[in-house]
Amino acid sequence: MMEQARPLDALNRSRDKRVLVELKNNKQYIGKLKSFDIHINVVLEDVEERVSGEVTRKLGVVFIRGDTITVISTE
Amino acid sequence: MMEQARPLDALNRSRDKRVLVELKNNKQYIGKLKSFDIHINVVLEDVEERVSGEVTRKLGVVFIRGDTITVISTE
Amino acid sequence: MMEQARPLDALNRSRDKRVLVELKNNKQYIGKLKSFDIHINVVLEDVEERVSGEVTRKLGVVFIRGDTITVISTE
Amino acid sequence: MMEQARPLDALNRSRDKRVLVELKNNKQYIGKLKSFDIHINVVLEDVEERVSGEVTRKLGVVFIRGDTITVISTE
Amino acid sequence: MMEQARPLDALNRSRDKRVLVELKNNKQYIGKLKSFDIHINVVLEDVEERVSGEVTRKLGVVFIRGDTITVISTE
Amino acid sequence: MMEQARPLDALNRSRDKRVLVELKNNKQYIGKLKSFDIHINVVLEDVEERVSGEVTRKLGVVFIRGDTITVISTE
Amino acid sequence: MMEQARPLDALNRSRDKRVLVELKNNKQYIGKLKSFDIHINVVLEDVEERVSGEVTRKLGVVFIRGDTITVISTE
């Protein structure tokens, strides 16, 4: 029997790739996905923060608390 | 004795079909349902984001955090 | 000793009957109750979405995440 | 040693009596308390919905999700 | 070794005394503390509801759901 | 091997000292920290409530529900 | 087999370094990271509070409740 796909598998395939993380406060963080856990806490590297499409900051390493995230997409 | 239907059975029947996921922030994501878990974290493929009925973005793979979802419907 | 009634018993008696589910965002979904779980995740069939009393959409099957629900009533 | 009173005891004494349930969205539901559980999910019968003191609907049976409730009082 | 004080000890010392319970919606309930539990669900007796300092209702017994409470003080 | 510091250690060092507790509703409570638990429920004694920098009330003992707290600082 | 990186590892590498903690209420706290736990409760030392980019307060030790945090970044 084949095991069924799980949502965290998709995040796992994005490790070390650039992803776009969107927050409930509408901020976006684009960076390389270094790690995540079951709470969807996420760590990104080489990060751009964007608000309303504008780059607002460049950041080295960002820890994002899972419960503030709405969606994570590959660019 | 027949086992009673459970809500996740309905999601299971929608695997690999197009579904419409609505978020608390009123964004909609329409795409092929690839996976979900008991927190209702969801992964969609070939996704259109819509806001107020307008397509705002096309995305490859989107991970949606369960606690931001209100309803999931078949189109 | 008689066992005391529990809230989920009331939902159980509404299986396959039409119910009205109200959400925190003030949307209403009227449809046949197919299943629910202890998180009050709910699946309805043959659904009408209503906003401010107006029918806004007809939907086949709708999964509603429990934590977005305020009340469920029989019509 | 006397056991100390617990909040659910007070709800238990109100079974089959009319109670007033108030929600975070300011709606009020007045009806006969049929059941409740540890999440404070509540079922009322013969219910009046009131908004700003006005009766807005009469309902047979209403299931109210606990996390949407602020206070429950006896009339 | 002396055991360290815990927050629920303070509530316990207020049993059968008048307390002021403040809610996230800014309502205040002043009454005799009859019981509480680890979720900080609280039952008051002989209760005055106040909004903006004005008494808005007198109530016999009030069950207050813990997650709606901000602070509880002795008058 | 030295054990690593934990956040509750810092609260523990503030027992019986004056702390400033800030709430999500922007109220501040300044008082002597008498107890706290893992939910960050907190009890203060000899308390001043401040709103926008103004002292609005003096209170004897205040129980503050953890999930309403944003930060706790030493004055 | 190499163990996979976890988000808390990144926080661990920032111990005793200056970090920027951002809250849901848009306040920022910049200080030396002294400790954190699995709820992402955090303790900072030698802290500057900033609102809209302006330094609003200097604080010695600040305990920040995890569920109020959105992101933590290295400056």
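First chain written, first letter: the chains are A, B, C, D, E, F and G, and each begins at residue 1.
Note that contacts are C-beta pairs under 8 Å (C-beta built on N, C-alpha and C of every residue); 3 or more make two chains touch, one makes a residue touch a chain.
What you are looking at is a predicted structure, and each value in this text was computed from that prediction instead of being measured.
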Review point. Can you tell me the least number of steps between chain B and chain E, where a step is a move to a chain it touches?
Key: 3
Practice item. Would you pick out the chains that touch chain B and also touch chain G? Key: A
**Study point:** Inter-centroid spacing, chain C versus chain B (mean Cα positions, whole Å)
**Key:** 18
Check your understanding: Roughly how far is chain D from chain G, going centre to centre by Cα mean, in whole Å?
Key -> 41
Exercise for review: Among the residues of chain A, pick out those that touch two or more other chains and give their numbers.
Suggested key: 67
Exercise for review: From chain F, heading first to chain G, list each chain in turn around the ring.
Suggested key: F, G, A, B, C, D, E
Study note, to complete from the structure: Per the touch rule above, chain D residues touching chain C in the complex are 15, 23, 25, 27, 29, 34-37, 41-43, 47, 59-65, 67-68
Practice item. Would you tell me which residues of chain B are touching chain C in their complex? Key: 4-11, 14, 24, 26, 40, 66-67, 69-74
